[in-house]
Structures are given as structure tokens and as C-alpha cells.
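Would you mind keeping the following structure in view while I ask a few things?
Think of it as A, B, C, D and E in the order they're written, each chain with its own count starting at 1.
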Amino acid sequence: MKKIGIADTTFARYDMYRSAVEELNAMGTGFTIERYTVPGIKDLAIACQKLMERGCDIVLALGMPGPEAIDKQCADQASRALLDVELKHSIHLLEVFVHEDEADNDRELGRLADGRAREHAVNAYDLLFRQERLQRMAGTGQREGHPDAEPIR
Amino acid sequence: MKKIGIADTTFARYDMYRSAVEELNAMGTGFTIERYTVPGIKDLAIACQKLMERGCDIVLALGMPGPEAIDKQCADQASRALLDVELKHSIHLLEVFVHEDEADNDRELGRLADGRAREHAVNAYDLLFRQERLQRMAGTGQREGHPDAEPIR
Amino acid sequence: MKKIGIADTTFARYDMYRSAVEELNAMGTGFTIERYTVPGIKDLAIACQKLMERGCDIVLALGMPGPEAIDKQCADQASRALLDVELKHSIHLLEVFVHEDEADNDRELGRLADGRAREHAVNAYDLLFRQERLQRMAGTGQREGHPDAEPIR
Amino acid sequence: MKKIGIADTTFARYDMYRSAVEELNAMGTGFTIERYTVPGIKDLAIACQKLMERGCDIVLALGMPGPEAIDKQCADQASRALLDVELKHSIHLLEVFVHEDEADNDRELGRLADGRAREHAVNAYDLLFRQERLQRMAGTGQREGHPDAEPIR
Amino acid sequence: MKKIGIADTTFARYDMYRSAVEELNAMGTGFTIERYTVPGIKDLAIACQKLMERGCDIVLALGMPGPEAIDKQCADQASRALLDVELKHSIHLLEVFVHEDEADNDRELGRLADGRAREHAVNAYDLLFRQERLQRMAGTGQREGHPDAEPIR
């Protein structure tokens, strides 16, 4: 039995947790899910660390950074802290960030957040249970939330 | 009995410590507060670490970075050091920064500093005593000091 | 018998793994290759760490960052994490990144990705088996994927 | 008996060490001073670490970064390394940097360097011997080298 | 007997190693030199770490970053990794980087690379054998490769 941790924020404007959980449950069984909610993206690293300390085998960090320059700076700090936690514990941590300026309106933003959360949930499942699937897709231009890119032969 | 640490600076132009303490005391009981004042935002990380070494269960770092490009760079360094301390000790540390260029005048700046300190004091209380409240607010666009954002359904 | 680790991504649009393996096999013998595929460049650091934990004597990290500003920021985060892993384990890790805006079209991009993967495969071989060859080329303007630069006498 | 470490550089154009020492001696007694001079600001972090290894209870890092973009990048690297040393040893380290473009001419630059070194020397003394003085000044807009800012009530 | 480590790259266009060695030998005796050559500036940190692991008492990292924005980003990553290594081992590490856009033509670039390597070789010698010389030059505007700056009295 594997344990998948999901950290999310009250700052985000879309419930990406629900999308990730729905997708994970559609994938298969053999895992439980543990959640940790924090105020903002800068708190995601400690949330992920606490999930790892509680025995999670992989963690998803769901966040929606704002559109301003200062938001980009905060997202950068948050991302680096996530990488620090991942390497310190040597446990996969998938950063699932949706930047508010990636979409033109709320409807599109919601779709993007839903799609990215779902596709990274699949990535988490693959890393835990079927790494050979990732190898088969290596170098093929996979994208999460946006349409895949064209592979170059 | 929990212990809440609060680090603040002589550089800041508003007494955010008072706002945080007032709000915490209005929240409930079951905690004591310990303060550590340093010159500037770059000194907040060591102040927070010392508060953690003295047994704090959560720490608030209150600071007001200046408006120039070099101030943004300093704030970035300070933020990363705060994240380093948080992850090293695995204790929640809430960064409560108010950038001087977030407001058009001193009055507005004072209100913003007061509001943000109060709302993050509530976050600290929630993280310590009622995490389920944060889970209920996940993905709903909560903001600290500014009006909340619209959730996307 | 040495072990060479190769980490790559499903995000990349070109199969740089194949180029690296072909070139390594053309170099000589005395090594085995282990592969670890992850979704994106930010996952390469943990992949490399896992390869090191499995006994690799050197690791190649193959990635193709996108052309946007946010992609540059992600590549920067990924690069730093790769350096962190390398220094923590004190094992050589060669970052082989091809930025999508380094080429004008897909054909050129494919050639660049192929060439860079091959030339860094040679670097890995040299670091493992013939460091004196690197000393002889010191200060001579070697480039990977692009034509070499002119040495200044 | 406390020990105050002071690191400075041959790159700086003003003898900030003398200003800091004069001010410290004017403050009181109960401490000795140890100096460590290095070539440039990037060497200050290791100098401070060596001073800490020799038993310093607090350290001042005196430096004057140049005015170019590359100088800002170097100052940023130096600052982060100073923070790393401070947190690793959990000993206060005050960064006292004067950027060459903070002043319009050499005379003003000299005054600024002298004033900032002196005011941070007082900060070091306060952190060592009278932390309650810092608490009384919290949130009052203290500045080092420049005139203090207006507190917001 | 002291051991001086020198790390250099095949990417650089000038043989800075020769300049550093010539200058060190002109300084005096009492030391041996060990060299470690790597492909590019991002590999210098691990090279320096390996030199420290082999017993070096001080290390010089010689590199020539390219002129593009991405090169500046790589140089920044490389510099930070060098600082990490230096602080981890608490051994002086002098970064000797010559940016290609510091000179107008190859002849000037060669002179700059030669001069900077030589002046930092002297710094290494001073840090090892005569630290009092650095103290005498503190705050006097020393520059490496370029003419010294004017001290401010």
C-alpha cells in the first residue's frame, strides 16, 4: 500500500485537490491519499515535508501563483524550496503550479488548473507504479494542462 | 501550551507586532508569545531560528521591504533564508512582508500592514489549533491584507 | 566496471537518450548504462539522485527547456537542484540542456539536441576514463552542439 | 567577555573597519575584536565562517559592491552565502554593504560608508548586550547610513 | 608544505592555468599545485570539491562565461555552487571568472584573463602565507585584471 501526499493552498482560486483525487481514483488502487492545506505557495514546501515525514511515498504540491512580478518572485522561492525538500528526503515531489497569467479568463484558467492537476496525478501514479510507461514517452513532447508538443524525429 | 514566536524589525515603519498580538489574543488561549526584534529583514531568518531553538511551535516573520530594486533583491534573499530555516527545523514559519510600493500613501500602507499581520496571525492560529478550517478554505482565493479573490467553480 | 546514469524527460521533444547511448557505445566498453525517465526538467535532480543512490559513477541529465520567460526560470531552478545533487554526492553530473530558442526550426533543434547529447556523452566518458584528455583541451574553446570557439593565444 | 568579528575586503574603497571599531569602542567595553580581510565581497562568507569558528559571538561583514549589473549579481551571491553561514552557525551576522551607486560622488560615498558601518556597529552592540533597546525601536523606520524613515502610527 | 588546487575548463578560450601557475611559482615556494580540468563553468564546483577532498588548502576556479543572457544565468549558478563548496569545506576558494563581454576584442580579453588569473594567484598566496598583507590593503580599492580604483580617505 502506497501513500500519496497532496499539499494545497487557501490562496488558490480553484480546487485542484478534487481534480487530482478524482483522477488518482480513476487510475487504480493500491494507495491512500493524505492532504495538507496551507495558506500560500510559500508554505507548500513545509507542508510537503510534513507529508513526507508522515510516510508519503510521493507528494503533489498544488498552487496558483498570482500574475504580478512579485508573485513570480514568490513562485520562484516556493519552487526552490520544493526542490530542497524533494532532494533532502529523496522522495518524488511534483510541483503543479498554474500561473494566473497563463489563461485569458477564469473559465480557461479553471480548465487549465483542472487539466494540469489531473495530468500530474497521472505522472505521480506512473512514478509510483509504472515507470516503464514514462520511459516509453521519453522525448515525445508531453505537456500537462496544455496540448502536447510535436516530437522531433 | 503552545509557543508562538514573532520576529520583527526596527526598519519597518509600522508596529505589526502589536497587530499580530492583538489578533492572536482575540482568537483564543492555549499559547504564549515570544518576541525577537532585529535591525532589518535580512536578520529575520536568524531571529526565527533562535525563536525555534527556544521552543516555538510556529513563527511569524514581520517585515516591510523598501520600494527600490535593491530592496526587492534583499527581500528575495530574506525570503529564501526564511524558507531554509523553516525546512531545517520543520516548523511552520509565516512570512508577513508588506512591500512599501503596495500602497499609494502612508495611511493605506498602515492599514495594509495591520490587516496582513492580523490575517496571518489567524493563519498561525489555524495551523496550530484548527487545520481543518484551512482545508475547508482550500482553493477559495483567500488573500491577506487585500480583499479575497473570486473562487473559480 | 563503471555505471553511467542517464536521466531524461517526457517533456523533451527529441530522444536525446538514444544519441547519448549510441555515442557512449561508440566510445568503448567498461561501463553499463542505467536510465531514469521523469516528466519534466524540475524532476531531473531527484532522478539523478536516485541514479547516484543506485551506484552510478557519473550521471547525464538530458532536458529541453521551453522558450518562455517562465521556462527560463524553471530551467534555472532545475540547474541549481542538479548542482545541489552533484555536490551532495560528490559525483559528476553533466547538465545537457537544449533551450528551444537556441534554434530557428525543428530540424536545427533536433541536430543541436543530438550533437549536444553526443558531445556531453564524450565528456562523461573522458571524466570517467581519460581525464588527461580534458587537461590537454583546457582553455581551447570547446563547445557542445555548436562549433568550437577560437582559442586566444 | 564577548568576541566581535569583522570581515572586510581589499576591493572596498573606504576603510569601514576603522569606522566600525571606533564606534564599538565608543559604545562600551566587555568585548574584543577580531579581523579577517579578504579580496572581495564573495570571500566575505568564508571569512565570517572562519571568524565564527574562532569563537566570535557576532560578526560584521563590510563590503562595497560595484555599480554594474554584474556587480549586483555578485552582491546577491555574496549576501546569500552570508545568510547561509549565519544560519549554519546560528550566530548573528550583520551585512554592511554600501553600493557604489548609492551616492553621487566619492565624498558622499565615504560619508555613507562611514555612517553605515557605525550604525551597524551599534546594531551589533545592541544584539549582544541590550536587545531590549531594539524592541523599543521596533517598527519605527530605523535606517543605517541614510536618515531614518517616518514611522506610521 | 601547502597544496594549491586549480580547476579549469575546456570551454575557456584562454589558458588561465598557465598564467596562475607562472605567477604562483614567481611568488615563492612551500606549496605544490594540483589541477582538475572539466568541460564548463558549471562543472567547476565539483572539481573544486574533489580538489579539497584530495587535501588542497586553497583552490582557484578559472572560468570564462560567454556573453549571452543564458551565459550570465549559468555563471550565476556556477558561482553559487562554488560558494556552497567553499562553505561546506571551510576552505578558501577564489572564483576567477572573465566574462567574454568585459573586453572589446580577443587581444584585450586575453590580457584580462592573464592579468586576473595572475592577481588572484597572488591573492591565493596571500591568504595562505601572508594574511597581514591583505589587512594592510583593506579598503584601498584593489581590482584584479583591471586598474585599481581610487581609495576614498
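As a convention for this text, a contact is a pair of C-beta atoms (placed from the backbone, for glycine too) under 8 Å apart; a residue touches a chain by one contact, two chains touch by 3 or more.
Since the structure is predicted, the reported quantities are computational estimates derived from the model, not experimental observations.
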Rounded Å distance, chain B centre to chain E centre (Cα mean): 41
Euclidean distance of C-alpha centroids - chain A vs chain C, Å: 25
Junction residues of chain A, two or more chains touched: 80, 84
Touch-based graph of the chains, sorted into line, ring, star, complete or other: ring
Sequence of touching chains round the ring, chain A onward through chain B: A, B, D, E, C
Complex contact set, residues of chain B against chain A: 72, 76, 79-80, 83-84, 86-87, 90-95, 99, 120, 123, 127, 131, 134-135, 137-144, 149-153
Interfacial residue positions of chain E with respect to chain C in the complex: 8-18, 35-39, 42-43, 45-46, 49-50, 53, 70, 73-74, 77-78, 80-81, 84-85, 88, 106-107, 109-110, 113
